[in-house]
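Common to both upcoming complexes is subunit A, partnered first by subunit B, then by subunit C.
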Partner chain A sequence: MRAPNQSRAHLWFIAPALVLMFLVLILPILIAGYMSLTNFSLGNDGADFVGLKNYTDIFTKSTYEKMFGATLRYVGVTVPVSVALGLGAALLVNSVTRFSNVYRTIYFLPVMAALIAMAIVWEFALHPQIGIVNTTLERGCGTWLEVWGWLARGCADGFPLWLGDRDYAIWTLCFIGIWQGFGFNMVLYLAGLTGIPRDLYHAAEMDGTKSGWEKFRLVTWPMLGPTTVFVVTISFIRSFQVFDTVEALTRGGPSKSTYVMMYAIFEKAVKQNLMGIGAAITIVFLAFVMVLTLIQRWLVERRVHYV
Partner chain B sequence: MHELNLQGLTKRFGETEVLKGIDLGIRPGEFLTLVGPSGCGKSTLLRIIAGLEIPDTGRIHLDGRDVTDLRAAERDLAMVFQSYALYPHLTVAENMLTPLKLRNLGWTGRLPVLGPILSRGERAALMARVRDVAEVLKITPLLGRKPGQLSGGQRQRVALGRAMVREPAAFLMDEPLSNLDAALRVHMRAELSGLHRQLGRTFIYVTHDQAEALTMSDRMAVMMGGEILQLDTPATIYDDPNDLRVAQFVGSPAINLLPGEVDDQGRVSYCGVPLERRLSGAAQGPVSIGLRPEHLHLATPEQADALNGRVTFAENLGADTYLHVALGDGAHPVQLRVDSHIAAGLAPGAEIHVRHGRGAALIFDGAGKRLRFAETTTPAAQRPEMV
Partner chain C sequence: MSDPAINAQAAPLTFRFDWIETLKHAVLIVGALIVLLPFYVMLSYSLKSQAEIEGRLPTGFFGAQQMTVDERCVARGAPDRDAIAAAATRFPGASEREIANALAREVEASCMARPVVYNYTTAFTEAPLLRYLLNGIIVTASIFLIQVLVALPCAYALAKLRFWGREAVFGLVLFCLLIPVHAIALPLYVGLSKFGLTNTYAALVVPWTISVFGIFLMRQFFMTVPDDLIDAARMDGMSEYAIVWKVMLPTAIPALMAFGIFSVVAHWNDYFWPRIVITGDRSLFTPPLGIREFRSDLDGSLYGPMMATACVIVTPLIVAFLVAQRRFIEGITLSGMK
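Coming up: the complex of A and B.
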């Protein structure tokens, strides 16, 4: 029998971790949760308890409807495209015998680069008059390329303003997000590909797979299952968190077409000092990420095979 | 019945010449083992037969048809891998169904969602085939499980089953037993031999374990340095090796080698002991005398051809004991097999005398080639009389 005072030793071992976790993770969320029920703002002592007003605002006001729209558009495009491109690039880089390191480095460069700096480069490239994108497009005017209706219309009425255009801004940001993110996915997939035993491909060959597509379906894709879950999760979280390109290039505009959640939190809580509403958006944001994580956990347990 | 013919196969990996011109005829329905130390090229040869590697030169004929340029998927061969290479995300039944699906279903039947519905009837027939094979291998209760939930021996059976469902022209096996524990390995040897008899198909089996080769094969090809040194039945390979390297590789414990001399008359002697038989037309000079542990016997000092030695170690295996003996001045260690009851009184350090069994010595020249005795003695003396 252990003495009663000894049996509590384990508490001392886990206490530092528990205390830290509470202070750094749980407590801020609880404070944010409480703040989201008030109209608290920094420097203002008399915060009033407003109940669920902040939340009803979020789900009724058109500004926030635009916020959800922009966020979902951004996530809905960036995640699938950057995952697919990452996988495609990984398969290609993996299949070439020469220069694969060169390709790897090239695709990975945007990931390493500071996005704010890159955003400035993109701002120049996408400048409506002097940007390289529109000047390049203008060269196509008057040539046979005008069979492409979109280009012909651009030649006649002027090319899009890209970041300044309500119809194009969010998709342009998506493009930059994909350009920036897929190299990271590629590296993750490359790591996953090296983990596939070569014998499995040989077995597939002996079993009668004739095309690369059949081998991909029989071996590569299922064996990359764990990698894919991880890549998709990471991509979701990264795209929900998009902020730097928005802040540097569009500031949520034009007409709130790129008003993504992270930017909304920043604008409300920091710029306009409306901590209450900012906290409420944060809680909604957390709930989104939480739901996604739960869905992915469920997928992992149900379908993905870990060897 | 299917016949495989390999002609002049060579293969280089960069600077290394892995195969140096392999000619091999594999008879229909035989159990042929490619055996040799690691790096001898046996696995490469098997993979070339399978179609997973392309030979630099040489042709492969299956039933008279040149299959050298056919892909693995188009040759009618099945392979069992050392790692089993089961698809970890598929159940045992799906694993075994895969080769049938890929070969017997049209492209519509293999569509992701619609396929199973469009090809219901065909799939049922294929599944029945899987069940039959599972029955033979006694893995029916495992059909619904995934490979991760199986033991090594069970995975081994599933890998065999996946190869068997298709009824291929030949089975290629790349060290399939080397990942199993010792007891199971011995058990599976017997099972594989039984399976070979039952199926009547050609088995080409790669192993580094000479015991597997000796126990299972109809014929075995001993490979070293990218060449086949000898291709014959296990008994002939063991009793009548034509190369020193073959003699050393086959047999456990390894053959004892003692330095010997040939005089101008073709008489051979080792450690001062003359052999009865003479070599035919061999040059004078030093030779190696090979004596298997079972061909050395305990002797009494009075016997003329007895060599004295000291026991250094006694390895008791139950029925038999292998005595490690330092002959003469201690420069020539040999092992001999003795009945354990006799060996019981021989502790390390004991002085004993050893003589060889008549007609048992194998003579190899300086380059390792076997030297034959002149046919002056009776054929009975050619064979070891005390095996």
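Coming up: the complex of A and C.
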């Protein structure tokens, strides 16, 4: 304590934040943990304690198997592709001599635009009959482009319904997710690239590293390590939380092929008022996200020592 | 935007033609076209008539802007018995059917509009879009203000004051950084509805009043502020409260702006949380809920107005971004600096 008048001030400075942290962040987790062991529903105060039934349901019923399947498919595709595209775009934008600002601006636009609005626009662009995507594909019919088997089949049997198609819906949502998120990753990578000292490239040249690929492998990629750890983690957390596109475009369908976790929580708890099962999914979800973030922190701390 | 053809032509004059450079631009341009596609669709369709959107009339980006009849307006203005009786004096000697037809033609004439005018006026009249925008401003502004009010003093205390338990509080902040607020939406929703707070502004704001990320960020920033500055202020007899708001706040303006952009973008665009706590009461809708509602009661005749709504909702942030790009990118990527 340096000055006497400061001895009480910190309490007033810390207290509001502490109280809110407890009420808004900690307490809800405890409540969710408790609710997940009951069959609580809103408007019905007498909830029964059901033990781990909600959890055994989650890990045995086929609905939830589909939920994990859809979530993993979405995360498994969106994360690697949006990270790779982000890195690729950053390297390209960084290496061109002109217009790099223009590209950066364009690629960043989807990050700023309200995803719900753009999702609806995408739905419209992907409309099976009048959407710009299928009408453009139809123009390829009857031309040399038909050497591409997929297009030829589309011309013969009709093009996919995209969001209404059980085989395409989840991948279409992945595409929208990637479209929206890779510019964010690109900007993070661009920041990472500016942090690499020029000297390292000169040093690598002195040591006989000639090709661009070798320079990337020996200098750029290792130096981007911390950025990559962060980009991967944040992409994981963002794509685990995918909701807007699912709720607006597919509602988990067709036949639960896009039934991701956040939508499952919303549907079970908010729409069907099955709070217990919704809370159990919440807890499983939180566990996923926290483990991921802890892995990231551990990686970052380990890296700090040798970069 | 750059064009490879132009580059290739200009190349011999200014610099050596470079295949690799051209190839890079080609890849980047294809990427840019895919990224821009939905923006193109949104803007273009917000200018077109229904027939053009459905592909019955092929037209360019701006549409033909031919006068089109607004069917809904015609349906609203359809002459009933009283109107026909009242108009009988204007058409002496005409049969009732002829009068009805003449009146229908008049209504149709008054319902003609250019597609762009029709789309944007319908966007604002079909749903209270202005109200949604206002709600968006109220919610994002109050969230940001409260976040700063709570986080700034806390960050100052964590960075510059020494007290018992400081490390524990900071540890708690680091732990809370792990919690995505969207993930705990369900218990928050239950809590709010227990207190009867769903369908209020409070419900939209409360979960976001505490930004542990803001505390963390400001704390890191305050760590870099020299102690001398604060000691000098104390010598001048300033209280700790005055130091927070009169000394620390002004030094933190750049960091606060970045954080503000981060916060405003996140909450202006947020759909998940409003979707949960606002059920039905249109006067509390935020812009994302507004466009969602527009889509769900789409009867197939309002594509143009819907795209106009999308444009109106997306434009404020896009324009702000284009004007202050550097700051926006700094703000949005802030989360990358931890």
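What we mean here is this: the second predicted complex is superposed on the first by the 278 of 307 C-alpha atoms of A that agree within 3 Å, B and C clash if a C-alpha of one lies under 4 Å from a C-alpha of the other, contacts with A are read in each partner's own complex, and residues count from 1 in each chain.
In this section, a contact is a pair of C-beta atoms (placed from the backbone, for glycine too) under 8 Å apart; a residue touches a chain by one contact, two chains touch by 3 or more.
Everything numeric in this text was worked out from a predicted model, so none of it was measured.
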**OP:** Once the structures are superposed on A, label A:F184 by its partner contacts, choosing first (subunit B), second (subunit C), both or neither.
**Re:** second
Original post:
Quick one: subunit B or subunit C, who's touching more of subunit A?
Top reply: C
Original post:
Of the partners subunit B and subunit C, which touch A:N39 in the superposed model: first, second, both, neither?
Top reply: neither
Original post:
Who does A:Q296 touch here: subunit B (first), subunit C (second), both, or neither?
Top reply: neither
**OP:** Determine, under the contact definition given at the top, whether A:V270 touches first (subunit B), second (subunit C), both, or neither.
**Re:** second
Original post:
So, A:P110: does it touch subunit B (first), subunit C (second), both, or neither?
Top reply: second
Original post:
Regarding the shared-chain residue A:D199, is it in contact with subunit B (first), subunit C (second), both, or neither?
Top reply: first
**OP:** Using the touch rule from the top, collect the residues of subunit A that touch subunit B in their complex.
**Re:** 197, 199-200, 202-203, 205-210, 214, 217-219, 222-223, 225, 305, 307
Original post:
For subunit B, which residues are in contact with subunit A within the complex?
Top reply: 47, 50-52, 71-74, 77-79, 81-83, 85-90, 98-99, 102-103, 110, 112, 146, 148, 162
**OP:** Spell out the part of subunit A that touches subunit C in their complex, as residue ranges.
**Re:** 1-3, 5-7, 9-10, 12-14, 16-18, 20-21, 24-29, 31-32, 35, 42, 89, 92-93, 95-99, 101-118, 120-122, 124-125, 130, 132, 135, 179, 183-184, 187-188, 191, 227, 230-231, 234, 237, 241, 243-244, 247-248, 262, 265-266, 269-270, 275, 278-279, 282, 285-286, 289-290, 293-294
Original post:
Quick one: in the complex, what on subunit C touches subunit A?
Top reply: 1-2, 7, 21, 24-25, 27-28, 31-32, 34-39, 41-42, 45, 53-55, 149-151, 153-154, 156-158, 161-163, 166, 169, 172-173, 176-191, 193, 206-207, 209-210, 212, 215, 234, 239-241, 244, 265, 268-269, 271-272, 275-276, 287-288, 291-292, 295, 303, 306-307, 309-310, 313-314, 317-318, 321-322, 325, 328-329, 332-333, 335-336
